[in-house]
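Letters A, B, C and D name the chains as they come in the text, with residue numbers starting at 1 for each one.
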Amino acid sequence: MKIGFLGLGQMGAAIAANVVKAGHDLQVWNRTPEKAEPLVRQGAKLAATPRAAAEGRDIVLTMLADDSALETVLSGDDGLLAGLAAGALHVSLSTIAVATADAVAARHASRGQRYISAPVFGRPDAAAAAKLFVVAGGDTADIARARPVLQAVGQRVFEVGERPSAANLVKLCGNFMILAAIETMGEAMALAEKGGVKKAQLLEAVIGTLFDSPAYRTYGPILVDERFRPAGFAAPLGLKDMRLAGEAAEKSVTPMPLLSLLRDRLLETIAREGADIDWSAIARTSARNAGL
Amino acid sequence: MKIGFLGLGQMGAAIAANVVKAGHDLQVWNRTPEKAEPLVRQGAKLAATPRAAAEGRDIVLTMLADDSALETVLSGDDGLLAGLAAGALHVSLSTIAVATADAVAARHASRGQRYISAPVFGRPDAAAAAKLFVVAGGDTADIARARPVLQAVGQRVFEVGERPSAANLVKLCGNFMILAAIETMGEAMALAEKGGVKKAQLLEAVIGTLFDSPAYRTYGPILVDERFRPAGFAAPLGLKDMRLAGEAAEKSVTPMPLLSLLRDRLLETIAREGADIDWSAIARTSARNAGL
Amino acid sequence: MKIGFLGLGQMGAAIAANVVKAGHDLQVWNRTPEKAEPLVRQGAKLAATPRAAAEGRDIVLTMLADDSALETVLSGDDGLLAGLAAGALHVSLSTIAVATADAVAARHASRGQRYISAPVFGRPDAAAAAKLFVVAGGDTADIARARPVLQAVGQRVFEVGERPSAANLVKLCGNFMILAAIETMGEAMALAEKGGVKKAQLLEAVIGTLFDSPAYRTYGPILVDERFRPAGFAAPLGLKDMRLAGEAAEKSVTPMPLLSLLRDRLLETIAREGADIDWSAIARTSARNAGL
Amino acid sequence: MKIGFLGLGQMGAAIAANVVKAGHDLQVWNRTPEKAEPLVRQGAKLAATPRAAAEGRDIVLTMLADDSALETVLSGDDGLLAGLAAGALHVSLSTIAVATADAVAARHASRGQRYISAPVFGRPDAAAAAKLFVVAGGDTADIARARPVLQAVGQRVFEVGERPSAANLVKLCGNFMILAAIETMGEAMALAEKGGVKKAQLLEAVIGTLFDSPAYRTYGPILVDERFRPAGFAAPLGLKDMRLAGEAAEKSVTPMPLLSLLRDRLLETIAREGADIDWSAIARTSARNAGL
């Protein structure tokens, strides 16, 4: 298929490489074009604007840092909205607000373009290995159309409803749950350590049993070894996601005290450790607050 | 081996049955002797007092509701301390306070008796299937001696240190982590449901991926179907464990805000739903507080 | 002085009436002009647009529901910015975001107009009695110029710094502190009541002593009598203020766990009681959660 | 009247001095008798045991550090229970658990002795100035009998019910409310400071208006000046009171999330600052967590 790809950050570049590998005809755009070089060497074409990258494509994928980066790429004479053909499909992989996804879907619809949300779970290494989990929301036919591409970048695709933004809500829930698991391990490890049990021993006993799953397996060793820099997912990005979850919660009038606790933990961690630290360093904050 | 077993509640009876099945010579005692009948039919002998059940035994296992039940069984002329031979081993499976385990260990030591803590993870069905996870703390030789019995009742044994109470601390950490996972799912499900995503859809997407582990697999469906009665683990028992964890945290000066949140959730759930509800019903409280 | 006044809600109307009473020449505007009738009968002139109300005035006061209402009144051909003379002063009494106040100040400055923030503490009855507390931020000379008007509507004026938005930040802090006091009383009253002490007895003992101040004296009896409807200050307005405080906290990287607790309490109260209830009904939520 | 007084710590010594000044015949006891010297110089007699201090007295007041210190003084051959005449009255000024007060009341009743709880609000300087607030619980006639003494040591006496322990519950509520006010000021000050508003300016604006009461007037300046050492009321004592409140809350099934937050704050403050710091230093923790 003729694919466009906008946004070649750490995650986007890894995903786009898997799209090329799967044999698709890829046209890419990035704000700083240098980042496209490895892809161009693999056969992708570099476009000068989002519009140019979208023109003549069946599907355009976007992987951008936040809502405002997506807005910039969408709008204006050089934007994605101007370039995408009627009937062509925009697949948004970014973690964005529920309300933003609803608005973007409506703008595409008014031009006869198609839109689905397909945010992903996984860190950069999972993206490189095509082991992402993809959560897809939107029209069943649109998801079916995108499926070959989504399967080229992830190990599994979950459909969560006809409204595209449902996928964004599930993605925010998932990130909330990951950070909650980190906080949980952090507090338990602080208690164990102050009681004379080694962090690694505690985690072996609980992860080897009740919590034997990717989220705990990924973050457990990071917490034990305190590998917080360089950040795989920086604390301010985690804070952004918790804020988006909080906005959705406030809009739907849903109290979430654990989400609130996580937001304050991230703020505390950023204030004390700096903005370049991994979001999982909230566990260090638990340790520090216990005098460790 | 010659084994004694004190405490035949839902968990204890299931465990004791597996000890008999493994071919050990079992002598049992329970406050209400009627509960011993199925075991007696399987070949166990019924003793009239804890002391009688302990006399002449190599190892005595106890599985009691709480610290004070353990104290009652230990002390007095008819108690376990009076009956256990010098050099014989008491294996405490109960979820008790860290400080209590330290005290019990000291009392056994002063009589030349051995003691290890070996609390277990798993609900009654796991106990019946000999699929418990056992966390053992104490002298390495003592744990080795108890291992054949522990392996007869569980699928795996974790050693966490030479101090028996280390195992109790790990057990409390584990229960804290389970309840934290329940709270996490409960808040996420409330947010999803108010945003138009079905609870089951959310859980499939996250448990099928990041959280594919026994704790989430066990409780996820209970939360989706709201199977809170009859209670597999009643909320007041969960509250007791969170209180024990909180006492350990206070004693070691470890702030644990998520633990505090869980305690308040359990209190709220008991106040509004009654004491006969499963501890996982804190997820219903999240839903109710969102107006669901 | 020649005064303009925009926004004649419950608070604005009461304040404007005191400006007239103090002998100032008042020109008013409101989105629904009917609300201006009592003021017109007292001698105020009714203007057709914010611009018209501002033209030829020394000082224009605004008292609007939120940031977007202020934005609407400021902008466009009929707006306050278009009508205010160079050198004339805009005094914003509304509770708005810190960032909004900074932005409004900059827009006035670029036109040679003056701006101060002067949010007020007090419920409608205090406004009617000219007993408000005014928190003023901005250039000292500007505050001095506004002082005669501010003293006509309040019992005391506090200056908190040269940056206008400093006053908005203090106002948000104050509202946070009031709601924190309500939460505090609510939890204490629930504990007392469940322990057999009457709510009124508890409050007499603590308000008659340690907490003998307007915030506690105002809200204590409301809580005891559960006078939550009609709302003096509706829960969604309280939630808006807590959100503004939260945005300021996030921007300045300040964790505020008590603020987070209050936000969740308001969400819970709105979800369970409806949006027409007073913000102080978070105390009812404390009682309900204890099974009262 | 013939008065006995047990417990001459910082608070007790100041209170006992006012009893002597009021002209009562005073017999005192303290664990370390040296502390009694200033009182003996004022005319008090020193007794060798709690029993001796109680014998022949109409009323015996106790002011002890905690429940276990009270227990030590009450029991045994040399204890208060043994010395107090039938019909004589024990007035307990200490901050103790609700359950302890109930138990002590029952023990006195079984000997025909009278008992009331009369805990006090106020720091040592208020005690010295006879400006304490006294909360009295118990039989009306017993309170009437103690009133001359209570009025000699405090500025006002509140009666809160016929059950002595009601006064202890109110006292715990009061201490909870004070610490909640400190947390509130601490968070607001951190937000203000990070936004460029001085702590003193914020407090002047809010304490000069809405919060003009002893609790805020006492602690506000301590927070602004960070006068946390030497401790007027050490953090571990505050933690003890919050634990007692938490025990009462758990027993009556009352969720109190703000109380939980305060407990964790004290733990965090003790872990990071040491046990010798004033409980109001939780405000420093708020500042530190914001990077100040």
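One rule holds in what follows: a residue touches a chain if its C-beta (ideal position, glycine included) is under 8 Å from a C-beta of that chain, and two chains touch if they have at least 3 such contacts.
All values derive from a computational prediction rather than experimental measurement.
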Chain at maximum distance from chain B, centres defined as averaged CA atoms: C
Which of B-D and C-D has more C-beta contact pairs: C-D
Cα-centroid distance, chain C relative to chain D, in whole angstrom: 38
Rounded Å distance, chain B centre to chain D centre (Cα mean): 39
Junction residues of chain B, two or more chains touched: 249, 253-257, 261, 267-268, 271, 289-291
Chain D residues within the chain C interface of the complex: 98, 121, 133, 135, 156, 158, 160-161, 163, 166, 169-170, 172-174, 176-178, 180-181, 183-185, 187-188, 190-192, 194-198, 201-202, 204-206, 208-216, 245, 248-249, 252-259, 261, 286, 289-291
Residues on chain C engaged by chain B in the complex (per definition of touch): 257, 267-268, 271-272, 288-291
Sites on chain D touched by chain B in the complex: 239, 243, 249-250, 253-257, 260-261, 263-265, 267-268, 270-271
